[in-house]
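Two complexes are shown next, each including chain A; its partner changes from chain B in the first to chain C in the second.
Presenting the complex of A and B:
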């Protein structure tokens, strides 16, 4: 079963050793991505989206990080591999693109040199062959006059062009998995749409899996096939994109959807907000992590952590009362409560 | 569509002109930097003098002529003669050559070693603790004392002087390179390189190293100047370049006993040392302003 997945993350836990003690930034996260599929990972800042992606790439400082669980990629558990094997997988089989395009390219080299270098880091390729491959992949990203652009330095390009270069750099070795860590957050809306189209098209052309990290529900609806919603280090809802937008089951996801202004919203009305604030990672609640902010929370929620259960086919949710909430029988006991 | 090729050649010409303009701007900016220009000029003049100076004098640095001893400057001996009747002018020229050779070798060697130490200790944490403690130890130890003991054990030859000075001044370079590398290492594009699977060697030498070059050049020029002073001190103390061979330090030492009667034996080599070191220091300051406009705090000279 799992052999068909590009990547299979099973019960991943990531602990950091900090001055305040051991902090679990990612707690029991499981998901998988198939070929030609985009998995959206959604959640607010600090919910563990980026840590999860850095755990897959093994980019976290090993001195202060502990891992539990498995990240299975191509039959190997990435958590147990040595640095040599990892650096052969990184960039070749798994690539990553970052949010901040300004500082993610070395200002001292032309972008062409940097793409060529990405190729040469994996196997002996002649400079000429590498330059041709670079030109091909940059042309594929739709940059006008690519030959000229390759000879330019990062500061000579616009943000959208730099992001295209980053994508070209990530795809030049034809990876099986692409991790995109908020690749469109720093771009304006029109460029954003172009980059999203580009990623979708590349996914199809290269038949690869994509993990798309974002906090923008609109982007998720636009390009993702499946979505994992994260809250405070846990996946609280994992579903196909249709099922999620049709009927979000977890109260947090519902809140996120309501907080999103739509074209029909009354411009005079206040935007919906989820009350309270995210608890600190060093002081995680015993029961459901969302209980203090949840309008439906009961004693059971506070006392016992819920498990990620299958609600309908292809739709999992981590909530004790999803059934009751869905059919409207749950009452808002805790409405308006702001528990600190 | 018809004027598209025309448009692109126009663009090319404009771009070419822009590149050209940028280059001439850079040169202008360097020339506007009076410190750098003066320092470079002084250094170049001294190098030329040291290279060409001995050619226009008939004397040899080791020719002893007891009849002409301690003669003041004259047409025959432009800077006078010393207590053995040797021509001071030629000896100062050869001494300057020796000083420049030592300064250059020390600057180059300690740069190479210092860069390696600095980069690797910035990149590998455990290595950092070890190497930086050794570096601290070397910095705390008086340079002259270390030099004297090394030369007392291994004998006073030019190589030993160079090696000692390299040991003493490598920490200066290593520290500057390390502190620069620590900043660059945390840049997102280094993390992006990790994510691309670039090897550590590639990251360290191709991506971190070029970012440390500008401050390395500045620091190396100070090491150049400081090692010339130290070499003169060592020679003055008799543990530098061995006796009959001229060096600015041992000419000064010979002149010390007769300073009241033969001022020329002290003034000319002394002026030469001042000239070289001043030139290097000014050049270093100027280069710092030129290469790194963000810092206006002087790099510690010792």
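Presenting the complex of A and C:
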């Protein structure tokens, strides 16, 4: 299985040149996705989850961006490919869907035309054959009366409907990898449930790998097979979804899970909070990046950056004290450190 | 403390509500053409509920259900089409704008977008003082003292007094918005998706703060959100809206333990699971929310309801009390006590 990773990201670093100097938005990130697998990438704003996906798609402005590392896809390193080759991969072998469907669809063309365009851009297909393929893929997304919908413009469709069209458009060329960047964040829960079902079903039907970017742990529990939790440009925990929800090891992951009110939270108790806020990327801490907010931080954490270690099989964590925290022998130095 | 008091209020249904909304309607005209009559978007279509003193009333529903419009209508940010809203025994919809000023002092609002709700050209101190000077509270020095006190109440400090909004993060801006609402010592604060734009860890901080403020200032919240987890956590009672109608009202506990309305059931079953190992049964809703321009006859939910019968297509269900604190507008519960 390991030989057949759909995508293998190795030690990816992404640097931006800004007015304030060089900023490293993604720092030494490695992960892989297999066929018929959904990898969840979780984190809060600014953790580098979207930049990672844009690096894979090579959507970042090359004038202000530097990369290090490798992104191996189909035996090729995407970081060294020319624009010609990339544009043949983008939208065909790797597709992407976004949060904001309104700005991702062209308001001046019918959705049918836009799906046909995607097909024709990537191969010599007659318009008739392309139209048939479009109808087939749109029907597969479960849209009622697909023939009629294909003739409509984006503004005539609801948000959930537009996201289905986006998915149809992404899948019409039968990609091997789908990158979904918060595709359900703007949707209502009932629509979200439908779209999550659809993505899971499509993953199986097309036997493709999916990178699912989200900030919502509930969505992760719902559809992901494996999870990478990111914080300030680094993967701090990487695990199967079962293992992560059974025993999260990194204090940040634990905090993220407890901070989110669910219908099971006790309304009488205060919500768990992670004190402070994410440091700026232009001022990254020297040691562990989470040390200043961590209830278990020690001098070692402040001085030395921890490495991503294998804790148990299939579960990696970037923390000096995960073992002590797991067996309860670590002491909280900043206990009750919630900010008001 | 207010929580216990609320429980008491509910058990004695004779207790006077702080704010009573009755049959509120908000219809927006849509021009169809020169000689055609206007059509109306029925954004809020006859909603009634009570807000008790010290209570948090959560309002949930999906986008377009009219929950935000209802919040704005109650504070007369949009003039209502019909209905009445009683605050301190007076129908605030019938007061003149000038008279309403003194009510607005006690009825405040915090919005969703932390970026557009603060004037980018004003310093935080001025933003907060402006509200008080408009309402003629205190002299300049007293206002400044009060602002510094408020900044500390919401977890900021006096050094933030001279800063501009752009210097703050989203979470801090929501704290400023809360401070602004508090500066008039209101009784009721309408929170329209106040924490929805924030990251999870920041959202938790602001929610804890809002709970603390509620106790300290003895406030009542009308808490509008699409996030069921957040609403369940902060609310004493919850109202579920669908297509401009309030379909179910119950205590937070009851609503999630035993939802009655088929829409509420579907909404709760659609929540993502909290444990990947648990298998979850979903109630799948067919179709989409109908247009509020032309809402269905009878029960507004009948086009998507798995239990719909003939009566649902013809007769609008009235809101029935099925137990002390649980109300539902559904024909399925006809005759049940």
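The criterion applied here is as follows: the second predicted complex is superposed on the first by the 332 of 340 C-alpha atoms of A that agree within 3 Å, B and C clash if a C-alpha of one lies under 4 Å from a C-alpha of the other, contacts with A are read in each partner's own complex, and residues count from 1 in each chain.
Keep in mind that, in the parts below, contacts are C-beta pairs under 8 Å (C-beta built on N, C-alpha and C of every residue); 3 or more make two chains touch, one makes a residue touch a chain.
Just so it is clear, the model here is predicted, and its values are computed rather than measured.
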Return fit or clash for chain B versus chain C, each positioned on chain A through the superposition.
fit
Contacts for A:297 in the overlay, against chain B (first) and chain C (second): which applies, first, second, both or neither?
neither
With both structures fitted on chain A, tell me whether chain B or chain C touches more of chain A's residues.
C
Quick one: classify A:222 as touching chain B (first), chain C (second), both or neither.
second
What is the contact status of A:105 with respect to chain B (first) and chain C (second): first, second, both, or neither?
first
Contact-wise, after the overlay, does A:50 reach chain B, chain C, both or neither (first, second, both, neither)?
neither
Go through the superposed model and pick first if A:267 touches only chain B, second if only chain C, both, or neither.
second
Angle, in degrees and to the nearest 10, that opens at chain A between the C-alpha centres of chain B and chain C
80
Which superposed partner A:245 touches (first chain B, second chain C, both, neither)
second
Quick one: smallest Cα-Cα gap between chain B and chain C in the superposed arrangement, Å?
8
Show which residues of chain A both chain B and chain C reach, each in its own complex.
none
What residues on chain A touch chain C, complex-wise?
44-45, 144, 158-161, 188-194, 196, 215-222, 224, 241-242, 245, 255-256, 259-265, 267-268, 270-274, 277, 338-340
Within the complex, chain A is touched by chain C residues 3, 62-63, 155, 169, 171, 199-205, 207-209, 211-212, 226, 228-230, 232-234, 252, 256, 266-268, 270-277, 282, 284-285, 287-289
In the complex formed with chain A, which residues of chain B make contact?
125, 187-189, 191-199, 202, 206-207, 210-211
So in the complex, which bits of chain A are touching chain B?
57, 59, 63, 87-92, 95-96, 98, 100, 103-108, 117-118, 121-122, 166, 169-170
